[in-house]
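Chains here go by letter, A, B, C and D, matching the order in which they are written, and residues are numbered from 1 within each.
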Amino acid sequence: MLYKVLDKSAYRDFVKALISEYEFIGPKKKDRSVHDFVPIKDISELDTNYMRVTIPPAKKLLFPPNEKLVTYEVGRKIEVRPVIESDEEILFGVNAWDINGMNFLDRVFTTDFIDENYISKREKLIVIGMDSKPTETNFSLSMGTEYAKDGFDIYLTELKDKYFIRIATARGNEIVERYAKVSDATAEDFRGYDKYMNNYRKKFKMSVNIKNFYDDFELIYDNEDFWKKIAKNCYSCGSCNLVCPTCFCFNIKDDIELNLKSGSKTREWDSCMISEYGLVAGGHNFRPDKENRLKQRYRCKLKTFIDKFGKYACVGCGRCIEACLAKINIAEDINSVKKEVSV
Amino acid sequence: MRKPKVGIFGLTGCGGCQLEILNLEDQLLDLVNAIEIVHFTEAITEYSDNYEIAIVEGSISTMHEIERIKKIGDIAGTIVAIGACAVSGGLNCLKNLYGLEKAKELVYRDKKKLIDSIEVKPVDEYVKVDYYARGCPPNRFEIVDIIRSLIVGKKPEIPNYPVCIECKRNGNTCVYELGITCLGPISRAGCNSRCPNSVSGCEACRGVIDDPNINAQKDLLKEYGLTVEDILKEFNLYNACRGKTIEQKNK
Amino acid sequence: MIINIKDKKIEELIFRIPEPPRFFEAMLVGRKYDEPSHIASRICGICSVAHTCASIKATEKAMGIEPSLQTINLRKLVYHHENVRSNVLHVYFLAIPDFFGVGSIIPLVETHPEVVNIALRTKKIANDMVRIIGGRAVHPIRIVVGGFTKLPTEEEMVEMRKMLEASYPNFEKTLEVLKALEIPDFERETEYISISDPIDYALYDGNIKSTDGWEIDDQNYMDKINEKIVRYSTAKHCWATRDAFMVGALARFNNNYERLTDNAKKYANELGLKAPCYNPFMNNIAQFVEIIHSVDDSIKLINEILEEGLDEDKAMAEIKPKGGRGVGVVEAPRGLLIHDYTYNDLGRVEKANLIIPTGMNYANIEKDMYALVQAIIDKSEVEIRLACEMLIRAYDPCISCSTHLLKCKLINK
Amino acid sequence: MVLGVNAASKNTIYAPDVARITRIEQISPTEKVFKIVFDDEEIKNKFEFKPGQFVELTVFGLGEAPFSIISNPKNRDFFKLCVRNAGSVSRALHNMEEGERVGIRGPFGNGYFPYEKMKNHNVLLIAGGLGLAPLMSLIRYILHYREDYKEIMVIYGAVNPESILFKNEIQYWSNRGDISLCLSVDNPDDKWTGEIGVCTKLIPRVKFPPDDTYAAVCGPPIMYKYVIDELKKKKFKPENIYLSLERRMECGVGKCNHCHIGDKLVCVDGPVFSLWQIKNLKEAI
């Protein structure tokens, strides 16, 4: 890691240079309440001062909602062609917990088998991080994801009159040297950064008691009343999954053109909250009820990947809480598991 | 591959579903190549009684149509109902809610006896329907998908999950955040969430999913200031024929 | 349709509409002010934008809602393209095959692929226009009381302009095809009614005007237009000053020729269409001329909208539901369309009256048919039947009935 | 981003290799056996599998589904699948003819039947219905190296005599005499002389010493609970009981997450698990 500082007066020139030199993707205000990561052509469109976590999360750049994986021609011979698309792009202004979300996906898509479709995009994506204000529902601090220690090229932290820059890769260093007038961070700068981080951490209002969840969950697992109660209003609508920066379930579909000559395999985002998810041929459903599925989602988010990678699959961004029309709240539910178990 | 003979028929409806087939534009020529269209109420002058697959638009609302659909059922091996009117009776069923006699009186006054009109029912009340392309209008790509599936011998995949899934895949802001009500959480997807894409609430024109959480939806609508009557009206717009079953489903 | 001919004299001529009745007037009763436009749209898939707009205009009138100029311009823009696609469908999918003596456009795929391609391309452009502005091609979503739920982006506007500009060469080729067609030489003077505006070639808004010399405010349509239920048809018949009148492209053309763009006038001229024209078969030509006008005018509208810039704040007007009566009159592709709503104080529909263009033309079709059959009564049964069917199709009554359902039944010949 | 993985490959794990159906055999009213050979020599030579592993088979234009390999791993020129006509892909496959092409990915599954560990022990194989298919590869392998194993017993239950799979092979086993067979059907016909009822009822008859025996089990989801109960009564050790599990799979390579049970993925960690591995995984059985 290299530590540099950039004078605030030079910030706009730096960003402008990046916009003109690269495919540049950053947060732009979409409508009254949310921002989205979209291609930016002019610095005036960029709004890094976003509050509502962007929906959909930036993972869509690496793992699009619909993605063609393979095409084929069906004739006398069958020709199968893999489709791997990736472009060098800058993803600008993504916050720490979303970077941690991508880091989690990195693990998923490289464990056991390497998913080229994801990885080729990820390797070409230049990530420039920046903090954003946590919402009321954000509990990243409790999940330990409010700070990103890797997974980016450059991370900018806005201090009073300068930006504190952390550079994690050679590629990031090249970009900084080329387009920004920076100087080495001094002891003074580090102190400023430290103070900032202390303040920043105080902004997280929601906290969860995640410490013992791993074991408590086993105890609560068979308490049907508990799960029925919290899942009562669940629509099985999957919104919670589809806005999540770490959810990665997908379906693969085969399609053929009407001329019956060329076809393709496409993957699209799926959700573990819908009833078809656990259905197998013959009609047996391994998770027929909404309470099974909600329980399953919590296990996947908060336990499964502790076993596998030693990580939570939830970065505490709070998106699912805001998206849920049934007001099902993962943070409150983590806390109520603790409460239920301790009585 | 052999070309199946297909008839496309219009009953009581607005013609929009057949129009959606014509609106395929880019795929229309491929479609004409893949199947032999022997009858198409809206686009072909000729008339034929020789078809294996019948694509039917519209609900049954006259005695005459009962005869027609029965005849179609006798001829066709496979019946595909397209559009809300054919699938669930659709908006036409509002007439039933209003009252058949009252409606005749209102529109045709003293001439009402001359009008051939009966209680509106969906097509499958009279013949067995094999596949449904729901929606008002139906998604034209879904119609193609059904036809293609019939040609290659696959079961068409018709989603049984809520519109919210597609809505979120499309990256929309939920319209509830903008103060607009939406039936997305209980309605069957497959339309590519076109109403929320246009910042309008879903009206459940494709009907509801198999296991909708109606009670949660009622709570939600109430929270947004709708009265019980409004809520029923929302549910009933396209689902009045099946309205009763929506209510019963959650019990 | 039944024609009873005896000893070379027409005994009886009945034009029957096979459409099942749908009772929209009843369905609308009790619905909240934001719902009628969605319900009314379902009256007809082919003119869903027209019904939506007529419905919205009636509601806005009743409640005193004032949409922004931006809204009106966008509505006019989307409106053009419903007219275009409907006219395309009629000219290319029904009329041209008719003149080539085939039953549909499908055989033309083999024999005249060029024409088919032009037809599909032109239709796609018009549909895409409706999709972009209205949110979907059939039963638009975004067009609502007060304005638009979502605006197109400026990039989309530019894209639309590009699409439109690219369509001119198609029209040149079509012109050649149409010039070669032999249009029956048949004339019967009648009353032509449409809406009319001092500046626009009116489609979306205007006074109601007749070639018989009267012009009234659209709110007072009842002063001139009368409706009655006839025994043998579920659509009501209409009359104004005389016992029948014609609406549709030819009526609009006859009333508003002056407001066509120069380019459209040029096409009319090339095809021998002059106002006033009394040949109902020329309705198809008038439709084609309107396509040209709509494309010209759309490009103008897009430029105007882009110059002003699209403004989110102007997308929706303020709505305060209240009671009152309002009438919305527009030109559907097939002619004058009237929605007349009365709201109660809760903003719910108390009474609705809808007058659709196909109903208006019935009496006139009967009259034309009478004259036509009289003129060709010596010809063979097949020829008479064909001529009658073509006449009905020329009127474009409503696409679903203009095809095979309209079988002529000749009795006692 | 530098992830430390080598993403130089231009292929994707989702692209199937093209293979040819060289033989089709209808072995019951609903099941057919397909013999499959890769088009590409190199791929054919590289293709190696262990008993219990599966492939993802694509019917082009229709879809993909997982099927267990049933042939003896010793055969390297081809492999075989036994497919029940159960849905879109399987129906399409049933409608195909010899010579037609399919797509194959795999073999997949790190969890297989531990044929090495089983050496010098007794082996008990319990199958219900189509569950015999995944066990076939193991049985064939063991019979190939018969002398390496002690006693072998197959318990197999089918719905009715007609639906018994691999009838010829079963006949051959019983002729061999070095493998004991217990067949049972739920609904017998007039000619049936064997056992009647669910096959789990036959387990109490097993005389193998539990410490010296491995069990391999495959069948419909509801069968497992009863089999495990019976084996527990016999004091079988959980680490000696192997089960092949079935879940919905979209990718087969541990990405789509559909087949996960707790922290295990059926596709990469299974499909064969020892009971010990999944003992505390709720939902597994």
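We take it that a contact is a pair of C-beta atoms (placed from the backbone, for glycine too) under 8 Å apart; a residue touches a chain by one contact, two chains touch by 3 or more.
Note that the structure is predicted; figures quoted are calculated from it, not measured.
Trainee: Minus chain B, work out the clusters of chains still connected through touching contacts.
Mentor: A, D | C
Trainee: What chain lies closest to the overall centre, CA atoms only?
Mentor: Answer by centroid distance: B.
Trainee: Let me spell it out: compute each chain's centre from its C-alpha atoms, then which one is farthest from chain A's centre?
Mentor: Relative to chain A, the chain whose C-alpha centre sits farthest away is C.
Trainee: Is the C-beta contact count larger for B-D or for A-B?
Mentor: Between the two chain pairs, A-B has more contacting C-beta pairs.
Trainee: Centre to centre, by mean C-alpha position, how many angstrom separate chain C and chain D?
Mentor: Each chain reduced to its C-alpha mean, chain C and chain D end up 65 Å apart.
Trainee: Mind checking the centre-to-centre distance between chain A and chain C? Centres are C-alpha means, answer in whole Å.
Mentor: Taking the average C-alpha coordinate of chain A and of chain C, the gap between them is 51 Å.
Trainee: Rounded to a whole Å, what is the gap between the Cα centroids of chain B and chain D?
Mentor: 43
Trainee: With chain centres defined as C-alpha means, what is the inter-centre distance between chain A and chain B in Å?
Mentor: From the centre of chain A to the centre of chain B is 37 Å.
Trainee: If a residue has to touch 2 or more other chains to count, which residues of chain C qualify?
Mentor: Within chain C, no residue contacts more than one other chain.
Trainee: Which chain A residues reach two or more other chains?
Mentor: 253, 256, 260
Trainee: Give the residues of chain D that touch two or more other chains, as numbers and ranges in rising order.
Mentor: Correct list: 61-63, 87.
Trainee: Name the touching chain pairs, please: which are they?
Mentor: Chain pairs that touch: A-B, A-D, B-C, B-D.
Trainee: How about chain C: which of its residues touch chain B in the complex?
Mentor: Spelled out, the residues of chain C in touch with chain B are 20-23, 25-27, 29, 31-32, 35, 38-39, 42-46, 48, 89, 93, 97-98, 103-106, 109, 116, 120, 123-124, 127, 135-139, 141-142, 144, 149-150, 229, 231, 234, 398-400, 403-405.
Trainee: Which of the residues in chain B come into contact with chain A in the complex?
Mentor: Touch residues, chain B against chain A: 1, 27, 30-31, 33-34, 144, 147-148, 151-152, 157, 160-162, 164-165, 167-171, 173-174, 176-178, 184-186, 209-213, 215-217, 219-220.
Trainee: Sort out for me which residues of chain A touch chain B in the complex.
Mentor: Going by the criterion above, the answer is residues 30-34, 36, 55-56, 60, 65-66, 232-239, 242-243, 253, 256-260, 268-269, 271, 274-276, 290, 323, 325-326.
Trainee: For chain D, which residues are in contact with chain B within the complex?
Mentor: My answer: residues 61-63, 87-88, 91-92, 95.
Trainee: Please name which positions on chain A make contact with chain D in the complex.
Mentor: Residues of chain A touching chain D: 69-70, 72, 74, 77-78, 80-84, 106, 108-117, 119-120, 122-123, 125, 127, 151-153, 169, 171, 221-222, 248-256, 260, 263, 265, 267, 270, 272, 277-282, 284, 286-287, 296, 299-300, 303-305, 307-308.
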